[in-house]
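Should a chain be cited, it is by its letter among A, B, C and D, assigned in written order, with residues numbered from 1 in that chain.
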Amino acid sequence: MALLDIEGLTVRFRTLRGEVHAVNGVTLSVDEGETVALVGESGSGKSVTALAVLGLLAPTATIAAGSIRSAGRELVGLPGAKMREVRGRAISMVFQDPMTSLNPLMTIGAQIREVLDAHTDLRGRAAKQRVVELIEQVGIPDAERRSFQYPHQFSGGMRQRAMIAVAIACKPRLLIADEPTTALDVTMQAQILGLLASLIAEYRMGLLLITHDLGVVAGTCETTNVMYGGRIVETGTTREIFRSPTHPYTRGLLGSIPTMGGERKVKLTAIDGQPPVLRSTPQGCTFEARCANRIERCVVEVPSLDPVGDDTGSMVHAAACFNPWPSARDGGVA
Amino acid sequence: MTAPVPAPSVESSGRRSDVLLRLRRNRGAMVGAAIIGLIVLAAIFAPLIVPETPSKTAYLSRLDGRCCPGSSAAHWFGLDELGRDVFSRVVFGARVSLLVAVVSVAIGLAFGVALGAAAGYFGGAVDSAIMRFIDIMLAFPSFLFAIGLVALLGPGLWQIMIAIGVSNVPIFARLLRGSMLGVRQTPYVASARVLGLPARRVLLVHMLPNAISPVIVAATLAMATAIIETAGLGFLGLGTADPARPEWGVMLANTTRYLQTAPHLAFFPGIAIVITVLGFNLLGDGLREAIDPKLS
Amino acid sequence: MLRFALKRLLLAVPVLIGVSLLVFAWTRALPGGPAQALLGERATPAAVAAVERNYGLDRPILVQYGKYMSRVATGDLGRSITSRRAITTELKDRFPATVELALSAMFFAVAAGIPLGVVAAKHARKAIDHISLVGSLLGISMPVFFLALILKWAFAVKLGWLPSIGRLDVKLKLDRHTNFLVLDAIIGRNGTALVDALKHLVLPAVALGTIPLAIIARITRTAVLEVMTEDFVRTARAKGMSQRIVNRRHVLPNALLPVTTVIGLQTGLLLSGAILTETVFAWGGMGTWIFDAVAKRDYAVLQGGILFIVIVFVIVNLLVDIGYALIDPRIRLR
Amino acid sequence: MIRQSRFRVFASLLALALVAPACSSDDDSSSSTAPPATNTGESPATSAGEPPATNAGASGGTLVFGASNDPRILDPALASDGESLRVATQIFEGLVTTKAGSTEIEPALATSWSANDEGTEWTFTVRTGVKFHDGTDFDAAAVCFNFDRWYNFTGPLQLNSGAYYWRVIFGGFAQNEPDSDAPETSLYKSCDAPSADTAVISLTAPSAAFLSGLVLPPFAIASPTALQDYEADKASVDGDGNPVPEGTFGTEHPIGTGPFKFEEWVPNDHLTIVRNDDYYGTPAILDSVIFRPITDNAARLQALQTGEIDGYDLVDPQDLETISSDSNLQLVERPSFNVGYVGFNQAIAPLDNLDVRKAIALGLNRQAVIDNVYSDSGQVPLEFMPPAVVGWTDEVTRYDYDLDAAKAALAASGLPLPVKIDFYYPSNVARPYMPDPQRIAEAFASDLDAVGFDVTLISQPWTPDYLDTTLSGNASVYLLGQTGDFGDPETFVGTFFRTNSPQWGFDDPELRQSLEDALRITDLDERAAAYVEINKTIMDILPGVPFAHSTSNLAFKSTVSGYVASPVTTESFATVSMSG
């Protein structure tokens, strides 16, 4: 039984200019101990997917269809009190911007302790002890003193560590990390990713890593889902996808990673155009407008997520495209 | 004195056309603008609207020694204690009230913007000197300041406008200075200065237009306050007093003693004040939301 | 914290010196003079000269200022020409009256304004929000004295529910230790007087408190809405805490920051609004006193009274700054 | 009451000679307590309900009275404002007083009195067995103690803001302060108490103003013990030169012999007096009276309606109908000695032109203003003094409202129409003769516009701006008036025209001389004739247009009875009772 099983998730937003289809039939799962990436540009619907899992969508959003199950338990439509039991306990989340994600008026220690208060019986000295332990665990030195400090007294990296301490306080089974390193500088990114990796290993947590940065995915995740325009357009093992990106969008994304070592010289190709704002379920492929490989069918029909090459049915690698790039494995045009 | 004021967000001011668009979508702001528009029209065309000149008294023929008849077909808002047509006076009153609002705010803006811009642009010693002075002025509650100035200058329309205007100076100055300091740190101003553009150009072309929006909002709201403060001064006997140029605040203040015998005397000018002030407040709020949409 | 308070206090000193100079220059620049005011319609130049000589008004203005300040330094604010009582004695009577009124008005404004703002924010863009918005706009748009007269007419004269003037039924005996009548009634364990004093407070406090109430409600609404969209609120919800706790611990404290500032600024408005309100309700406080003094050119009262109000205003703002710092560690621990 | 009439006129003359330079320190709205008139006897007074014949069965109780201001000081010798004197009148008594509701002098602490033929030595037989509120005995020595106290005032107490009425009646002090503006000489010479019931007061000059003046509350006899114990004369000058009474006599321990005793004064809130149960005469009916300062007229009426007060003085004319139509309330009318006038400054064109002045006089619909602004409680004057005063005449040139005549007069002036004039009126003030200056000004301005003037209304706060502008001769047309100190022509036309005041902008030495002469005439008929001529002259010169002699009103709950309004406002609460 998967830790997280999202099936056909569809999320719509009410806006002044009409309804926006942010997420359209997303399906993905995370197993125990598995690290899964959800990759896409901003606006692709990946953060909405993550927020939907914890029921943290804005009041203007509704889950129109689909189901989200955590360890077999349906989360869609779960009443508030039940949902709160899941949050922070079964599933925790680390947010993008450590500068704004912590309450400026509360000490770091208090903010960690709140989780313990909500979900555990730890009180008093024991709780305090646990807070200090957690702070130490995420690699913040001088934990005792630091627990009495306020967010503005922490550096950016330290704040993200504190966020992680909040997230792991109740040893959740699944951690959702929404762009955890985006706001940090490069060296800090590596440290935080390293910390996440070690914590996952230690606690045997599942990880759903949401990022726009394939570079981050490469070293961290076993499985990768590429999202565009509210749909998953390519999915598979990270290795597969990096080796043979099939969907034109994935290729574009990979092309825009500047590589440090220069071991693999891919042309830096930013994708022209803007991601779409989906006012209605589009008739064709959402990427069609920006796609270099567009064919007529793309305009009238939505491509489904089909196995790539000889990989039939196991979903080791699948893409939603009528005219994909040739898989590196079969080396031919489909 | 230096309580933190939410820093005006410079980036979010957005493009002018966006502001206008958001303003036009703001129902409250449009209602406010409509109210003010109507009152401006009433003020301009007052002589055409009213049945008689606002200073015409006829206490003998109309009042019969009694104060004061209420609404009738001939006199929609009734007659006042001197037999004058209240409707005519209320309509003409719009002229003075709008004049007070506009002129006093203009006076406040003229000095406030000059001081604020100087402080925000030059910074350093100039800034400290100006801000200490502003702090001293801000230490006075503004209405108290206005009372003091009217006491000094004597009562009268101009004196009131000057008094209210001057009491607004520190507010505008501080607001503009704050937002100028924000603008000063933006790359385009920095680059304009590095490029060696003349100070005047940097100030007038690059800084002021980008820093002025919170002041515009404050100015709109200050017009509302000006009308209220004029009424308050009138209540304290420091109002304007030319019968040919009736003013709502004075009308209201003079007739409060008839609140029991002839409530309409206080009611109509009172409502006129409330509606006009409401108009400016609605417009000011709308402007603020349009300029800084995050707040809506 | 202490250093912060001291620093603020030091900053206030030049302001107060400037204020005293300004007030002194202002009183001396006023047309007419106390002699004229004192002598009334039958003032002859000789009588005016005699009074001025007697009162030391013919000496150079800087000498007068120097003398005045040296006396102020010893706590002697002079005497009222009209009432012949020491300014300090008058202050002892009148200041508590105004403070009692202003505090009650502010209490009313805060106690009603903040919940109203929170409720409006909670139901943003629904009927209750629109009603409270229009209501608060009307409150702001109403001249204080107009509202005061209407309230008095309706609730005192027509309905007879509440007294129309004064601070206490004159037939009631009450030992005035502090001249805060509510406090005096409590000290004297005088239940009747307490009820009566409170009844006398209702109308003036409501009249005076309506504008701050409206402003506080609006600022609270905006602030709550803004804070609710903050990342740290989402973080708090992701921790699995109930909405109530999230609101209490995270939303409200952060939303109160701008409200605190507004409360400080409104105090100044309350002091000036009191001039109008006190006149309507025959409330023997600072407001009526200072206004009378303007009419009668009572220099000593004007100097002493206005200086005192300004000092109070400066102190209130100081307290607000300190209160702000107490709430916000970013300022306290800078 | 021997010799009283013989000296009466002369006395007022002397007193009035002293009045002229003196200055009332009345403030804005408390001018109701005018000092008593000495010779206008016949003013009818009205009273609330029927004065109780006896006190038997009276219910006592507490009456709350809405005063226009807080008293300033309760030491009557140092008081000159209406509200202080109103309270002092209840606590203190003088040697003589006026009969309730009239100006007739009657015994108080003195039972009888006589003067020598020259009128310089006055012998008073005073009551025995009377005690001050502090339990000490009242006797002739106490009388002399008080007179000597006043005469020996020093320092700031000599100021007009101190012993104002002493200066009015007696002139200077034993030792005038070097820079004092007090009169150099004093009418007072000495006081002897040969026995406990006899006080002999010697004067430096013959005077009957002396006796008339003694009815004034400031000449009430206070307890010598209390005066000393509570340091009534201890005064200093503070940094601003203010007189500072440092003792507590005038604030906490005012002790006299009156029907009420001082109980408590909470400044700016209330002042309580209680019945003096040991009063030698008919004791007061009420248990106590509480004076409560309420400055705003409308607030006073509302407080009466809500029952928070039981009565108040100085009813706004526009409220008369509200009160008279309310069965729970009643009005008590007080005849007033006053005149309100539109003044012209002839130094400012076009007021130098008699035709212009005539046009204004004929064009003002004064009756309409009396009807509307004064709610009929007043009359249109013919001249600058009220009919009750000696020398009043109806033979002056009359300027009854006549629009056509006014237009004709203006045309006769030869000035091009419209003729521009500035019309000044005060704000922040209500005087009995001018209850609503703005309404009066606006009514007159529209009258004058109809005649062919172009009127610009200019308003200034009463003090100091307005008084300064008008009295220093900077206002061309303006509203002013006068409440009489004494019922004598001098207090009206004498004050206005005997000296050359810049407010009128003309100098007529002949008129001034005739006023000087009239002041010295001792024969009542001769004097009356002289003033008749003067009044005729004045109304031909037309220095202004008198527009109102008003009456003032008090309002009470209908349960209150026994309040006797006096033209000179020495009104006692001792006869007041409440029912229900």
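Methods note: contacts are C-beta pairs under 8 Å (C-beta built on N, C-alpha and C of every residue); 3 or more make two chains touch, one makes a residue touch a chain.
Predicted model, so just to flag it, every value in this text is computed and none were measured.
Trainee: Compare the CA centroid of chain A with every other chain's and tell me the farthest one.
Mentor: D
Trainee: Tell me, please, which two chains come out on top when C-beta pairs in contact are counted per chain pair.
Mentor: C-D
Trainee: Compute per-chain Cα centres, compare each with the mean of all protein Cα atoms, and return the closest chain.
Mentor: Centre-most chain by C-alpha means: C.
Trainee: From the C-alpha centre of chain A to that of chain B, how far is it in Å?
Mentor: 52
Trainee: Based only on mean CA positions, could you tell me how far chain C sits from chain D in angstrom?
Mentor: Distance between chain centres, rounded to whole Å: 39 Å.
Trainee: In whole angstrom, how far does the Cα centroid of chain A sit from the Cα centroid of chain D?
Mentor: Averaging C-alpha atoms per chain gives centres 91 Å apart.
Trainee: Could you check chain B for residues that touch two or more other chains and list them?
Mentor: 151, 154, 236-237, 256, 259-260
Trainee: Could you pull out the residues of chain A that touch at least 2 other chains?
Mentor: Not one residue in chain A touches at least two other chains.
Trainee: Can you pull out the residues of chain D that are in contact with at least two other chains?
Mentor: 302, 428, 461, 465, in rising order.
Trainee: Please give all chain pairs that are in touch with each other.
Mentor: Contacting pairs: A-C, B-C, B-D, C-D.
Trainee: Name, in rising order, each residue of chain A that touches chain C in their complex.
Mentor: Counting only chain A, the residues touching chain C are 51, 54, 56, 80-81, 84-89, 92-93, 95-97, 100-107, 114-115, 118-119, 150, 152-153, 163, 166.
Trainee: Show which residues of chain B lie in contact with chain C when the two form their complex.
Mentor: Chain B residues touching chain C: 1-6, 28, 132-133, 135-136, 139-144, 147-148, 151-152, 154, 224, 228, 231-232, 235-237, 249, 252-253, 256, 259-260, 266, 270, 273-275, 277-278, 281-282, 285, 294-295.
Trainee: Where on chain C is chain D touching in the complex?
Mentor: 31-33, 36-44, 46-47, 50-51, 53-57, 67-68, 71, 76, 78-86, 90, 93-94, 97, 152-153, 156-157, 160, 163-171, 176, 279-282, 284, 288-289, 292, 295-297, 299-300
Trainee: Hey, which residues of chain D end up touching chain B in the complex?
Mentor: 297-298, 301-302, 316, 318-319, 321-322, 365, 368, 371-372, 375-376, 425, 427-428, 438-439, 442-443, 445-446, 449, 456-461, 465
Trainee: Along chain C, where are the residues that touch chain B in the complex?
Mentor: So the residues of chain C touching chain B come out as 8, 11-12, 14-16, 18-19, 22, 26, 29-31, 133, 137-138, 140-146, 149, 153, 157, 222, 226, 258, 261, 264-265, 268-269, 271-273, 275-276, 279, 290-291, 294-295, 306, 309-310, 313-314, 317, 320-321, 324, 331.
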